[in-house]
Structures are given as structure tokens and as C-alpha cells.
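You will see chain A twice below: alongside chain B first, and alongside chain C after that.
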Partner chain A sequence: MSARLTHDGFRRLLEQVREAGYALVGPTISDGAIVYGPIAGADDLPIGWTDEQAPGRYRLRERGDRAHFGYVLGPQGPRRQLTPPVETLVRIRLGPRREQGPRTPEGVEAADEDGEPLALIGLRACELAAMAVQDAVWTGGPFVDPRYARRRERALIIAVDCLEPGELCFCVSTNTGPGVEAGASFDLRLTELGEEFLVEVGSERGQALIDGLGELAEPSTAQLFAARTQGVLAAAMELHGRERQLDLDGLPELLFANLDHPRWDELAARCLSCGSCTLVCPTCFCHRVEERAPLDAPTSERVRHWDSCFTDEHSRIHGAQFRPQIRERYRQWMTHKLGAWVSQFGTSGCVGCGRCIAWCPVGIDITEEVAAIRAAPVAPDDAEPVALPPATTVPALAGDPMHPQLARVVSVREELREVVTLAVEPVGVFSHAPGQFNMLGLPDVGEVPISISGQAGGELLHTIRAVGAASRALVALEAGDRLTLRGPFGSAWPLAELRGHNVVVIAGGLGLAPLRGALREMVAHPERYPSVRLLYGARSPEELLFADEILSWDRSIRFAPTTAPAVLESGHVKVHVTVDGAAPGWTGHVGVVTKLMRRKPLSAHARYLVCGPEIMIRFVLRELETIGVAQDQVWLSMERNMKCAVGMCGRCQYGPHFICKDGPVFRWDAIAGLLGREGF
Partner chain B sequence: MVAPPPGKSPHLAKLEQLPLAEVFEPSHLELLAQIASQEDYAAETTLFRPGDEAQWFYAVVSGRVSLTLQVPGRAPTIVASLSRGDLFGWEALRVDSRRDITAVASKATQCLRCSGAALRELCELDHELGYRVMSHAFDRVARDLSDCRVRLVDMYGQGC
Partner chain C sequence: MAARPRLGVFKLASCDGCQLTLLDLEDELLAIAAAVDIVHFPEASSDMDPHGRFDLTLVEGSVSTPAQLDELRAIRAQSRTLVAIGACATAGGVQALRNFADHREYVRAVYATPAYIETLAQVTPIAAHVRVDFELRGCPIDKGQLLELISATLVGRRPDIADESVCMACKRAGQVCVTVAHGQPCLGPVTHAGCGALCPRFSRGCFGCYGPRERANTEALADHMQAEGVSAASLVRRFRLFTGWSEAFRAESERHDD
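Showing the complex of A and B:
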């Protein structure tokens, strides 16, 4: 179905949309730009105005006609409405203040802020494409953000063809414009042709709106269709003929093979790391979650804020900055947007809108940067390939993955100085696999990822070192206290794959915690795991984690543990321990865990599990390489700053991987090209 | 090249079983065995202390030796432990050097040891043997240095 509308008809269309209960959102002039925001009706549209764009430049100009959509694009599309820059996720009712210890939660409520459904007016083809990309991020799975999903599902979309592409547009390269394809997600599609509109219907909702216009919706004509086809074709031809193109062919592979290209340094000399490109990009989604705890309110809120991979905080982990240089941040942005996005979300993250070029204060042009790398790739033929992640297979939690449950601390066991194990009783049935982690949190301080270090009946064990505000608060909890828990998240140790093989587990410091569940399983099942060796390094004998338990696994160890061991004894387990330093009287090994590896002949055919400080992992892998262990026989767990745990906030990105959902347990070959590389 | 003396050294068999045997020709092993002696230490025997003349160069045959650093005002710390196949007492390869660390047998331990002067002389007389000794020594020292650098960052200090 289609129709012809005059300006009056179009005005009435918007009135009708409003009367149907939608909040109108569309282009309007504000602060010298065409911004996308709330409008009252057709009069708020930038009638008679256009925008001139060039690298680092955006200006409004009068057109001298009455075109309603005669501009190119404002700085932001509907991203602001579909994923608000600041959004409350949950509210946590606070327990009473106590003399000692952190404030604990008493209840968790969804921040249900379902307002009027949105009517998104005037979306271009590239913006519809961007919305499809955002759909993949927020609702494509394995996790679904219910806030985005609900807004998106309720939104009415009135799209507009682009017949006058701007100077910076390159949507034909990305196959996302200029015309709005018939199969795109819209309720109505407009083509503005002089003083009238050709309207095509894309849904029943759209049809009802046209029907409601009565005689104002005149029959469309063949001339109008011909004019549309001609207009879209002419725009496409013009775009095709331009120098500015983005060749997407093999781009992920090209970029990840050129992580050390000198172009990144040249870029860094121009880039201000201001993050403007990420704020105007219609597909960027990185965010952070903060805890907002008003002094006088009985509730604390978890609030999501837009963030940018160009900020210092975004790549800060445990106080360390993983991407301190601008070159590393730009490289992260571009390799993610044009590279990893494809394997993560099934589509490139670029829709060719050109916003990042216009709004970059120094006019960096992403198409130029790609072309420069493509023209002179520096990757040697035998460069270590960076493996792009496979589609994630992590089982998703039902419901809102950001909504925590209230769990109860059953007991607290002091393991080492400033390290405790919290036994936590979750609500309902909780199933996890060793290697996975939970997000534990408290109001006021927020959440931290903590690996599950075992399960005892219905209790989940979490071993935590007090290093930051949140972990300090968690360590101060007492039996009976409550905390927020989300999980389980992430990948697990490949226990099924290890069956029948000799297994060597190499752990350092607290890195033993994520391995304990897997070790217990292997210790308990000698028929499945014929030989298990644990090589464990710690700072000192006093800082050996789970000492009693691990020593109890090895029958050949003579000295008795100080407390009764768990009944997991078995003859197929050997435990070797080394420390960095010890007081006289210690008769065990002193030295790094790699030295221990050299002392104990290790098989090139065994399977290896590794967890500990990243530097230890690197040295261990080097040693394994020396003895000829293949990369597909080694799994390791990476410690990175998981924040949302569901692959949406972008914080834990490690090259193309989200550690929270592609990891934390990776097979060595998946990340071999990144380990030890500066800026990742 | 120095010819091995007639008759087998009683220490050759022990030497041949150590990992270092892989890098030497049998004739070199024979020469090394000739200057080696076997020493048995009861647990807690001190082998040398800081300031001692660095006379001997050791290879651990069995047991364990701990190297301990004493810092005034702080408890002594074991900074390395040595087991079968490990070599220690490198100072003896340098002329007129002294120990800067304490070596203690932390359990009953057997070592093969040779005089640093004799070993240096052997290396001087047979450069092929000297090259292999130094090359092997360099490999071990480089690994130890690499391990020490890793420990310098106190990697277990935060998080993991």
C-alpha cells in the first residue's frame, strides 16, 4: 500500500501519531545543529534548512525551499532515545546502617520507567542500518537487554529516503543506503519529492495511520514512484563516483594482521582522544555502570552511563591502564568497529554515515585511515594471526541479565591475609560449570566479577582478595549478610574434553581459585582423568591458597595438613608447590612456577590448564612452547575488567574478544596473537 | 684438546645421569668427573656463607639446597631452592670472588663439586670444553635472570 501526502497531510500524520499515544522524536534545529530529539509536530522539523558537512566541520544553511527533510544527518540519531545516555537499571533497597561493615541490600527492584512509546520520525537508511546493528548488540543474544528490547519493539518508525547525500556519506560502500530498502524495519517510508511525499507502508501500524488520514492520503502515482527510483538511483550513482569509499572486503583480517602498522602512530599524532567519534557513531554502545547512593534515600541505584573506549577509565583495570596510548585506543575503536564487530554481531559496525568524520575536531577520516593501511599493509606473511572469536555459545540467563538476585552469605572463611572465601546461598536452583564467574555486589560500592571457587551443597564459594572498594566491602561481610549476585557468566574449563588425558594444571597466587572446581572434579574421578598434576606458585608459604585441601590430594606428600583434609584423596594426583621466598625451615621449592616446570618433565601430549597473573601465564606458555605443547592443548583464564558480564558494556574487550562472554577461559590459540602485545 | 686421564673416575656415573651430561661429549664428562668430588651433607648443613672465598662449584645430585639472603633488621629469606641437576656456586667461575649468599642443605643432600680454579684451568686448556661449560652456564644464568625479573614485579601482589 502506498499514498501521496501533501505537507498538510504529513502534518496531520504526525498529529495522528501523537494522538495514538506516541512521543514524537525527530530532527529539529537546536544549538546550531539539526539534533534528533522530542518534537511537538511538523512545525518543529528543520523546514527549509540543510547542513553542510566536511571533515571537522558542520554548518547549517537555508535552502530557500520548504523541504522538511532537506538536510543530511544531525550529530546523533535515535541511539540517544533507544539507549539513553543515563539510565537507571535497578534500585536496591538498603538495609540499616551498621557500626561496622558495609551497607547491605534488602531488596532489588526493576527501575521500570516505561514511558510513552517512541515515534522515530525521519530516520535515514543508514540510521535504520545502525538500529539493526544496535538490535544485534542489545537483543541478538545470548543476552537480551529488556529495556532496549521494549523500546525498540514499541517504537513506530517513519523512515525517509536520502536523495541528497552529504559530502561525507559513504553508505553505498557499506550497503546501507541511500534509499530505504523495502525490507527494512519501518512502519512508513517517506520519499520527499518537492512539495509532496510518497508514502509506502511497511506494517499494519503504518497502514492504520494512512487509513486514519482519510482523504488526506491521496492515491500514489506512477510518476511519484518513478521519481523516487530516479532520485535514489541518482544519489547512489553520485556516491559511487566519489573518492571516499570504505572497502569492507576482508577488512577484519586486514586490520588484525596490521596491529603494528605505522599508520596507528600517525593517527595518534592527530587524534585528541576526545571520544567525539564514539558519541556521534550510531552503532557505538560502550557504557559504564555506576552506583548512585543518595545520602538521604533508602535506596541505591545502579545507573548506566554512555562511555567511550577513548577515555582513560574505560581501559583501566585494577588501577592499571591497559591502553595508555592514543594509538592503542584508536586502534581498539577501529579494529572493533570494522573488524571484530563482524564476528561478534554478524555485521560491520560502520553504516557509512560519516558522522565520525564531521564531528572529529581534527577531521580524521576513517575511510582514509583504512585505505592507507590497505594500500601498504605491513603484516609479514608469517604474522601470527589474531583469531576472531566464534559466535558465543554461553548459555544466557533468562530475564534481565542486569537484575541481580539477593543472595545470603552462609559463612566466611579467612583463607589468607585479606583473602576470604564467602559461601553464598543463591535463591533457587543455580547451575554452573567450573571456570565461570558471578558478579557480586553491594549497594554504594557496585559489582565485581568473582570466579566461583567451588560449590558445597547449595552454597557457592567465592574467593576474594580485598584490593578495591567493592572487594574490600565484600571481604568485610559476615555470615547472614546479603549481597547482590548475577550469574553465572563466561566460559568454563573444558572438563569433558580433558577426559582420558593426562592433565597438568598450572596456577599462580589467587589464580588457583577459578581452578579449584575443575581440580575437585578431576580429583574425584580418577577413572576419567588418569593423571593430574598441579604446579602451584605463590608469593610465600603463608600465601598458599587452599593449602590443606591441595596437599590432601597428593598421597605422596608426607607432612600432614594443619586441619583435616577434605576426603578427596587419590593416588592419581601430584601436587608441586613453589614460592617466591620463604623463611628458613621451608623445605619446598623456591622460585617461579616456570622453574618448577623445568624441574618436572612435562609431556608434550598432556592437556594444560593455566590461571594466574597474566605475566605468569605468558612465561608459562613460553615454557610450554619450548617443550612442544600445541596451542590446542592449553586453556587459560584471563583476568580482565568484566563489568556488565554480558558483552554489552565493552569494558573487558581483549582485541576482538569480550572476556566476559567469549572467556574468561580461552584456548591458547584463540588469543595467542594478543598475549603480551602492548596496548591490549 | 686435553686427553682424558686413564681409568674412569668414580663420579662419572653420577655425572652422566645429570641433565648437564647432555651438553658434553663423553670425553669432556670424563675430564669433569676427574676434577669432581662427591659430598654428602646432612640436613641444615651450611655449605657457604657471605664473605667466604668462592672455592667450589656445585651440581646437586639429590636432596635440596636453599640459598638464603640475610638483610639486617629483617628475617632471613630463602630466595632460591636447588634440586637434582641444578648448578650453583657460579662465583667460583670468577677469579678471586667471594660468596654473597648463604647456601644450606635443607634436607639430606648429595652434591658433586669441583674447584673453581680447576674448572677454569680445564676450560683454559681445552677451549672446546670451555665453550660448552660457559655456554651451559650462560643458559642457566640467563634463565635464572629471567626468573628473577619476573619475581621483581611481585606478580602475586594484586588481584591474582
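Showing the complex of A and C:
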């Protein structure tokens, strides 16, 4: 169904939308630009104005007519309304202030406040495409952000065709414009043709609005349809004829094959790393999650706010910064947007709107940068190529993945100096697979990812070293204290695939903790895992984690002391321990774990599980390569900056992977091309 | 109730504006006073006790005289957590502009009896002399960040104060870029956030009072400004202001200073 509207009819349409209870959001002139924000009605639209855009430059100009949508795009689109720059996720009721350390939580409340539904007015085809991309990020599963989902579902969308594309537009390259396709997600689609609008209805809601206009909505005419078709076609032709294009063909592969291209260094000399491109981009979604716990407030808030892969904090974890250089940050942005995105969400992250070009303070043009790399790709070298897996779809899970439960600390066991195992009792049934992790947190200090180091009855074990503020606070908890818990998250050790195979587990330091659950399973089931060897390295004998337990697994070790007599009978487990250094009296191995690997002949046919510091993992893999172990026989566990744990905050990205959701356990071949590469 | 952590506020060469920011926390002052024992705070009270241990010490101002250097070392020795507050303490402040000239000439020009003036050849931020646990930027500091600093220190975590560009704050606030839309020179891309994009919100380019952010690519920004018509002399003045003695801004101003 379609209709024609005069300017008066359109004005009345917006009044009707407002009367129906929607908050109007549309383009309006503010601070010398056409910004997208709250408007009262048609009078607030930039009637008679247009924008002129060039790299790093934006100016308003009067058109000399009464065009309502005669401009192209302002600095930000509806991303601002659908995922606000600062948003409270949950409120946590706080216990009393304690002499030392943070307060503990006493209750968690959802913070989502249902305001008026939004009427998003004047969205272009590229912005609808960007919304579809954001839908995939926030609601594409397995985790769904209920705040975004609800805003999106309730929003009324009045789209507008682009008949006068802007100077920086390249939507024909990305196949996202200039016309709004009939199948796109809109309630009404407007085409502004001179002094009137052709209106296409896209939903029942839209139909009701048109019906409500009565005589103000006249039947559309064949002439208007033809004018629209011609207008859209002319715009598309014009865009096709331009020099600025983005060739998406094979782009993910091209970019990941050119990670060491000299262009990145040239770019880094120009790029300010200010983050503007990412915050004007309609598809970027990276954010931080922080605690706001004012001094005397009875509640703290867990807040997310827009972040950017150009900031220092984005890729920093305690003691490590994975992307210190500007070249690495720009490369991360571009390889993600135009490359990894396809693996993650099945679509490019670019919709051709040109905002990142206009609003870059120094006018860097992403299309030029891509063209430069395409024109002179570096010759393939010996480096392992980065594998780009196809996007997969997973059914959505119910509930808010950011809403923690309050779990109780049942006991605290001191393992090593500054390392404890918290036995935590979650609320309700909790099932996990060894290798997965939980987000543990306290309201004053925030959350950290902690692997599950075992399960004892209804209690989940988490082995934690006090390194940063949050882990220090967790380590200081006492039995009876409560903490926030989200999980379980991430991939697990492939226990089913290991059945019937000889398994070698190689662990370094605290890297044994994420493996303990899997080891316990293999120890308990000799019929499934006929031969298990553990090669474990620690700094010193005093730093050997779970020493009593691991020695008890190997009955050939005579001084095996205390626990689990049933296990002692099994005899299918061999444990080899080495330390970097020891005081006199230590009769065991001394040296790094790779040295131990050379002393103990290892089979090329066994299956290998590896966890420890990344540098150790890399040396272990080199050793495995030497003895001819194929990459599909090895699994390892990785770590990056995880804040949301559900693939939405963007911080833990490792090439095409989210460590939180696709990892932390990866098969070697999945990440072989990334291991050891700087900036990932 | 356990003894509250002891707070000390000290000043070296400075205007007192950053200390005033603590007093500007009007709605939160009672909570702060309940959470910490304000032992020494000359801007607020003459009932002072500059001795003994401080759990949290806020130091405003830069080191300009030999006496201040001694004082700073004594403060450090008494402090568990020492935080430099403001452009003077973190970058030298506006008085560090004398570092670009001969301080003896200044003394002769300004003071009637220069013989009474004992001053160091260079004004320096406090981190040049003692270990600093955290630097709170700004001229003056932002009261929200100060409150966050105090709250975080009390529970032993690092303050949620991001070392990122002012552009991030502009974009979160929905502020239209003054460079792109109005052609105004702006130091926002290379400047540490924290002010809430105060100047851009009043349609004025950032003049860098929070000092350089990490990875401040001042060279790229200055080159671009120059291409847009900003003179070398103007670039020197822009980078040489409240935080002109910070390493990144100093290097950039010197690059354009013939």
C-alpha cells in the first residue's frame, strides 16, 4: 500500500506519531550540523538545508528550497538512541562498608527503564543496513541484549530514500543504498519528490498511521512511482560513476593476508588514534563495563559506555597491553570492520555511509586505504595465514546475560602465596564443562573472568591469583561473603573428542587451574582415557598448584600423599613436574616445560591440551611441531580483555574470534596464524 | 568504628584552584568527611596537622623552589598513596613556561630585589622528583574525577579514569566536532579526556589543559593544522600552555619554534 503526502500531510503524520506515544527522533540543526536527536515535530527538521562533506570537513548550506530531507547524514545516527553512550545495566544493593576492601553485594536489580518507544524518522538505506548489522551483534545469539532488543522492537521506523547522495557516500559498493529496498525493516518509507512525498507502507503500524491521516493521504500515482524509480536509479548511477568505491570482493582474505603491509605504518603516521571514526560509525559496538559506586550510596551501578579500539584501555589487561601502537589499533579497526566482521556476523561492518571519512579530524579515507593495499598487496611470506571461519548461527539463550546472580562463598582454600580457590555456591542448577569460565565480581571493583577449576557437588571452584584490584578483592573474600557471578561462558576442552586417545596435558603455572576439571574427568574414567600424561611446570616447588592432588593421580610416584585412593588404583595417569628453579633438596626436574617435553618422549599421535602463559604456549607449540603433531590434535586456552563475556563489548577480539565466546579453548589450527603476531 | 583513612592535601607552586575543586564537591563533602579523616587541608581549614602518616595525599602544584623540593620529599615519605592533582603537579603548569627562557632574567624583570628570590632553574612536575601513584589531570581538575579517585582509592582499585582523547568525550556527549564542522583548530585528539569536553561544548577548540593522552600523535595533528593555515608561531603557542612542559607537547612546540 502506498500514498502521497503534502508537506502538511507529513506534518500531521509526525503529530500523529507523537500522539500515539512515540518519542520523535529525527534530524535537526544544532551546533552547525544536522544532528540526529529528539525533535518536537516537522518544524524541527532541517527544511531547506543541506550538508557538504569532504574528508575531515562538514559544512551546512542553504538549498534555496523547502526540502525536508535534502541533506545526507549527520555525524551520528540512531545508534545513539538504540545503544546509548552511557547506560546502566544493573543496580547492586551494597552491604556495609568494611574496614578493608570493597563492599559485598546484597541484591541485584535490573536497571532497564522502559521509556517512550522511539519513532526514528528519516533513516536512510545505509542506516537501516547498519541497524541490521547491530541487530546481529546484540540479538544474533546465542546471547541477546534485552535492552537493545526491546528498544529496537518497539521503535517505529520512517525511512527515507536517498536521491541526492553525499560527496562521501559509497553505499552502492556495499550494496546498502541509495534507495530503501521494499523488503527492508521500516514502517513507512518516504521518497521526497519536489513538494510532496511518496509513502510506502511497510507494516500494519505504518498502515494505521496512514489511515489515521484521512484525506491528507491521497492515493499515490503511477507518475510518482516512476519518479521514485528514476530518482533512485539516477542516484545509484551517480554513485557508480564515482571514484570512491570500496571493493568488498575477497576483502577479508586480502586484509588478513596483508597484516604486515607497509601501509599500516604510513597510516599510523597520520592517524590520531582519537577514536572519532569508531564513534560516528553506525555499526561499531565496542564498549566498556565499569562500576559506579559512589561513597555513601546504598547501591552501585554496573554501567557500560561507548569505547573504541583506538583507546589504550580497550586492549589492556592487568600487566599486558595487546595493541600499544597506533598502527595496530587502526589495523584492528579496519580488519575487524571489513574482515573479521564477516566471520563474526556474516556481513561486512561497513555500510558505505562515509561518516568515518567526514568526521576524521585529519580526513583519513578508509576507501583509499583499502585501495592502496589492494593495489600493492605484499607477497605471501612463510607466515601462517589467518584462518577466517564462516559465520555460524546459534540459537538464542533466554535472559539478560549481563544480569549477575549473587553467589555465596562456601569456603576459601589457600593454594599458594596470593592464590586461593574460592568454592562458590551458585543459585539454582548450574552446569558447565571444564574449560569454561565465569565472570566473578564485586560491586566496588567490577568483574573479572575466572576459569572454573572444578566442581564439588553444588560448589564451583575458582582458583584466583591476586594480581589486579578485582582479583585482590576476590582473593580477600571469606566464607559466607557474597559476590556477583555470571556464567558459564566460553568453549570447553573437547573431552568427547579425546575419548580413546592418548592425551598429553601441558600446563604452566596457574594454567593448571582451567585444566583441572578436564583432568579430573580423565582420571576418573580410565576406560575412556586409557593414557593421560600431565607435564606441569611452575616457577618453584612452592609455586606448584594442586600439588597433593596431581601427585595422587600418578601411583608410580611413591611419595604421593593424601587424597583420592580410588584414583591411585587407576594407574593410567603419569605426572611429570618441572620447576624453573629450586633450592637444594629438590630432586625433581629443573627447567622450563619445553625442556621436560624433550626428556619425555611424546607421541605424534596423542591429543594435546595446553594452558599457561601465552609465551609458554607458543614454545610448547613449536616443540609439538618439531615432533610432528598435527594442529588438529592440539587445543589451547587463550586470554584477552574480557568485559562482557558474551561477544558484545568487542574487547577480547583475537583476529576473527571473540575469546569469550569462540574461546577461550581453541583448536590450534583455528588460531595458528595469529599466535605470536604483534597487535592481536 | 575503625580509624578512617587519613587524607592530606598539600600545595606547592600553584593557584589553589585544584584544592578548591575538593571544596566544590558540595553535595559529597559530608560523605567524604565521613569516609576519610581530613587531617591537613590548608585551603579549607587553618586547623592543620601536616605531620604523621597519610593514607591518601593529594598534592597540587609544581616544584619551583628548593624549599618546595624538600617539602615534597617530606610529603612523599609520610604518604602511602600520593596523587598529583592538576596541570601544575602533573606537567609543571603555566609557570613551567619559564623553562623555555632564562629564569634569572625573569627574576630580574619581575622582582625589585632579586637577591631575596631563591628559585630553581626549571619548574617541574612532582613525578620528576618522587614516586607518584596516580596523576589526576586538568586545569583545574574535574570534581567528578576527583570523587572517583577518592572512592576508588578507599577500596583499593584503580580509578576509572580513562587515558583517552577528548574526542571520545565529545562523541559520547553528541557534541559536533568543532574542527570538522567549523574549521577550528582543536587539541582534543591528542589531549587526555576528563573535562567532559568543556571547551568544544562551548564551540571552542580544546587547548590541551589536561595534557597529552597516551600515544598522542601531536605531529600528525600539527601537520594537519599547518596545512589548514595555522602558523608555526600559533602552533608553538597552542602546544605551550598549561601543560606545555609535558614531554609530548614540549617536543611538538619545539618542532615549530625556530
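Some notes on this structure:
One rule holds for everything that comes next: the second predicted complex is superposed on the first by the 655 of 680 C-alpha atoms of A that agree within 3 Å, B and C clash if a C-alpha of one lies under 4 Å from a C-alpha of the other, contacts with A are read in each partner's own complex, and residues count from 1 in each chain.
Assume a contact is a pair of C-beta atoms (placed from the backbone, for glycine too) under 8 Å apart; a residue touches a chain by one contact, two chains touch by 3 or more.
Just so we're clear, the structure is a prediction, and the values are computed from it rather than from any experiment.
Touch criterion met: A:D580 reaches chain B, while chain C stays clear of it. Of the two partner chains placed around the shared chain by superposition, neither chain B nor chain C is touched by A:I157.
In the superposed model, A:P361 lies in contact with chain C only, and not with chain B. In the superposed model, A:A257 makes contact with neither chain B nor chain C.
When the shared chain is aligned, chain B comes close enough to touch A:G591, but chain C does not.
Of the two partner chains placed by the overlay, only chain B lies in contact with A:A538; chain C stays clear of it.
In the overlay built on the shared chain, the residue A:R599 is in contact with chain B alone; chain C does not reach it. Contacts of A:P613 after superposition on the shared chain: chain B is touched, whereas chain C is not. Measured by the number of chain A residues touched, the leading partner among chain B and chain C is C. On the chain A side of its complex with chain B, the touching residues are 318-319, 465, 467, 508-511, 537-539, 543, 578, 580-584, 586-592, 594-595, 598-599, 611-613, 615-616, 619, 639.
Within the complex, the chain C residues that touch chain A are 2, 28, 30-32, 34-35, 147, 150-151, 154-158, 160, 162-165, 167-168, 171-177, 179-183, 186, 188-190, 203, 214-215, 217, 219-221, 224. Against chain C, the residues of chain A that register as touching in their complex are 30-33, 35, 37, 56-59, 75-76, 80, 85-86, 97, 99-103, 269-276, 279-280, 288, 290-296, 305-308, 310-313, 324-326, 358-363, 444-446, 468-470, 472-473.
Residues 64, 66-68, 75-81, 83, 85, 104, 106-107, 143, 146-147, 150-151, 153-160 of chain B are the ones that touch chain A when the two sit in their complex.
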